[in-house]
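Labels run A, B, C and D following the written order; every chain starts at residue 1.
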Amino acid sequence: MKKLNVVVWNEYRHEKKREHIRAIYPDGLHGLIKSFLDVNEDMEVSLAALDDPDQGLPDERLEKIDVLIWWGHMAHGEVNDELVAKIQKRVYEGKMGFVALHSAHHSKPFRAIVGTNGNLSWGRNQKEIMWTLMPSHEIAAGIPDHFLIDEEELYSEPFYIPQPDALVFGGWFEDGHIMRAGACFHRGAGRLFYFQPGHEECRALYNPYVQRIITNAVRWAKPVEFGYEIPEGAPKVHHKIIDEFQQ
Amino acid sequence: MKKLNVVVWNEYRHEKKREHIRAIYPDGLHGLIKSFLDVNEDMEVSLAALDDPDQGLPDERLEKIDVLIWWGHMAHGEVNDELVAKIQKRVYEGKMGFVALHSAHHSKPFRAIVGTNGNLSWGRNQKEIMWTLMPSHEIAAGIPDHFLIDEEELYSEPFYIPQPDALVFGGWFEDGHIMRAGACFHRGAGRLFYFQPGHEECRALYNPYVQRIITNAVRWAKPVEFGYEIPEGAPKVHHKIIDEFQQ
Amino acid sequence: MKKLNVVVWNEYRHEKKREHIRAIYPDGLHGLIKSFLDVNEDMEVSLAALDDPDQGLPDERLEKIDVLIWWGHMAHGEVNDELVAKIQKRVYEGKMGFVALHSAHHSKPFRAIVGTNGNLSWGRNQKEIMWTLMPSHEIAAGIPDHFLIDEEELYSEPFYIPQPDALVFGGWFEDGHIMRAGACFHRGAGRLFYFQPGHEECRALYNPYVQRIITNAVRWAKPVEFGYEIPEGAPKVHHKIIDEFQQ
Amino acid sequence: MKKLNVVVWNEYRHEKKREHIRAIYPDGLHGLIKSFLDVNEDMEVSLAALDDPDQGLPDERLEKIDVLIWWGHMAHGEVNDELVAKIQKRVYEGKMGFVALHSAHHSKPFRAIVGTNGNLSWGRNQKEIMWTLMPSHEIAAGIPDHFLIDEEELYSEPFYIPQPDALVFGGWFEDGHIMRAGACFHRGAGRLFYFQPGHEECRALYNPYVQRIITNAVRWAKPVEFGYEIPEGAPKVHHKIIDEFQQ
């Protein structure tokens, strides 16, 4: 069995600059994500960071990725526009899935792939309760009807995303807010999943249900087996399709 | 201008049996709904109730309705199956829109039209905050990003509805729940809107934003101007459509 | 590995009554479908027919089915309403997926599960070209951008279905028609796929791409692993969910 | 009544360079579109072109537009990226609707707003039959179940758009192709409609049904009345929303 090539991309600045964040994620948020994905025999997981050469994603690496997980926050603006265009292209051509976590709602790739400004409201860390809205979706496999997250940054509606192809989870926040928290988007020949938990100051990524959801999402977002070559442009048709009946 | 023929159908049992409910809705829930719709010059609003002859909807009346608003709760089972089939047929043929309020989630017409068992969880009356998820939708016209409902019966996810064509509102409940609270469904050639507030023991229907949403929903659900006759069955095609080019 | 329990239900009248149809499907349409599904090691496939005892689906059998494939045409009205209610319930509770083929668009279970009258237009047998609209969907796995069906009964828009959760295939017909030919619906906690080819007078079910699509659809429609018990009714909540944080 | 400020933007190169195209659209494609929109008393229609100063859309003009209709083809690459960003922003903030015609499927604003590479297949001019898929949609108002277009450029699936919020029309092409031809997208707080007919060498824009659809689309795409200020960024929440109950 060929393993899924999964890369966890992290801005990886907070963890280096702030001790209390490093205390929570000593190997980086991406390191923690890798650690719980590594138990899956169908995945080969590696790390990438903004300050790596080529922002962690040189062409020869990007071209092998099956699913790219993205976490960014304070340095969205530093991400190279050409890299963003390559990521978007790769997703649209169905070569790679994309999983956007938490503050990646404002990242360049998320906004470009989905078609959104990514705007929402946000506030203090607080209790969240995650609700399953679509138990028939494979990303909800093994997840109870609701589960608790002791502390997570407030993210609130209105969230200016397009209506998702599947709205799998919704979040309740202590102060009176709700959030479309887990949402699937088909774009081009590829797929993207957005999941709201994962603030750098909180421990949501240690939650086993959050880990299961991200694991499910990787498998959901992976490219399907295409029965034809997805075009890079807009091909011209040179014969009458109906003439194929006579062949 | 031809006015919209709007009928507010109410089970109308609670208000007659229980004094504290009658105190809130002395003219019935349907009477209150009629009162705030009556200010609209484009609507002609009338009332119907389960205990009326023909359950309030004899054929000659049903055939004139543009939008049917439905409130039922304790007596869903008493609603005549033949009447339900007629309502479903009329919506599918695009002759009538349907607005289902609150406990109508379990009503026969709602379940038959939408394709759902209507199941959800429910509990004690409590504070609700209604959030606008889709400000670009006409049913959200004039509605703020959120508004308060002092008391409403808890209705909670998982709500076993199909993914709506437009998910316009979401509800936050004090005890930790969320709810897809305002949802549009296109069915056949017709339309249906479900809206969660409207418990008989509470005063949500007095809330001006709730009233505006129901008003917007009536206008949204009304039949469109069809450019052809919507069939009652499955018509056979007797000529080659492409031959029309030669005519 | 536990195999998927797949039952192919067929009205099975045409094949017995008309010789030219029996010539195409000597073991019935369901027999042919079973034959190409049987090659899959993850499926245990069996047959059921309208004229079997209990219309082929006694309770103790129905309760074990993972995916029910349905073909019916001339005898929709004979299908027992109680059986239809059981099928609908089982799909809504996520215990069974449903695959509706061809003239099952007018079958009782399809209409009840999806929420539609199932109306469309139809006509003479002719050439069809099937187009892939959503290559990122797993039901399109291995299917080219288009393929030919030498002869199939005309089924045409307007098809009065709700907008599907995923519209995977579209059909082109020689005489000038199109058809939303492959459509996914999530309903309750379950799934349904409708696929248009499969007329009893034609050989579309022998087409390897049609066979692959039905195979893919069985795997897509199968129940997911639920992380909680899907309720049969509407459960009352007896505690404050937020109090679970203190436990 | 305040009129809708509608601007028809046209690349306007073909008509100037090629005589046979100028013969069809002597006042430009945009001039023809303006002529049939002008009969509507609720619209104030004006023209803009790529070679106008500021590409026809200086800030002070753009800021007043309610609905922008876009036709472009051979010079997509010349459209200013900053202008595209302004158009996208204005749509996402719900200040302006966008109607993309024909070859605008590959235009920068369409791709950026929707989230697509806009790829499709294309070919020779030929007969098209337009089918209504969603008669319950207001853009289908007054349109028959199908109508003929004598000649139009082939545009074919797979069309790499996200699944639309409403798929209103589908096109059948003589040579064996289909196309999702009329599709609605809600994006941010705004709306976009794509419509496939409108090739510069053909006369589809003279078709009264095509004209009606574009007219309907302008009214559908116009901004709704918002009940709150749509944010330009991601606002921080400085109080507990639940505390509003005590005010």
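Rule of thumb we're sticking to: contacts are C-beta pairs under 8 Å (C-beta built on N, C-alpha and C of every residue); 3 or more make two chains touch, one makes a residue touch a chain.
What you see is a predicted model; the values in this text were computed from it and never measured.
Ranked by separation of Cα centres from chain B, the top chain is A.
For the pairs A-B and A-D, the count of C-beta pairs in contact is higher at A-D. If you average the CA atoms of chain A and of chain D, the two centres end up 30 Å from each other.
A straight line joining the Cα centres of chain A and chain B is 36 Å long.
The multi-chain contact residues of chain B, meaning those touching 2 or more other chains, are 129, 132, 134-135, 145-146, 156, 158, 163, 165-166, 176-177, 186, 188-189, 241-242, 244. Chain contacts here are complete: no pair of chains fails to touch.
Considering their complex, residues 129, 131-135, 145-146, 156-159, 163, 166-167, 170-173, 176-178, 180 of chain A touch chain B. Per the touch definition, chain A reaches chain D in the complex via residues 89, 92, 106, 112-124, 154, 156, 158, 160, 162-163, 165, 175-177, 185-189, 231-238, 240-242, 244.
Interface residues of chain A, counted against chain C in their complex, comprise 94, 127, 129, 132, 134-138, 140-146, 148, 150, 165-166, 174, 186, 188-191, 209, 224-228, 230, 241-242, 244-245.
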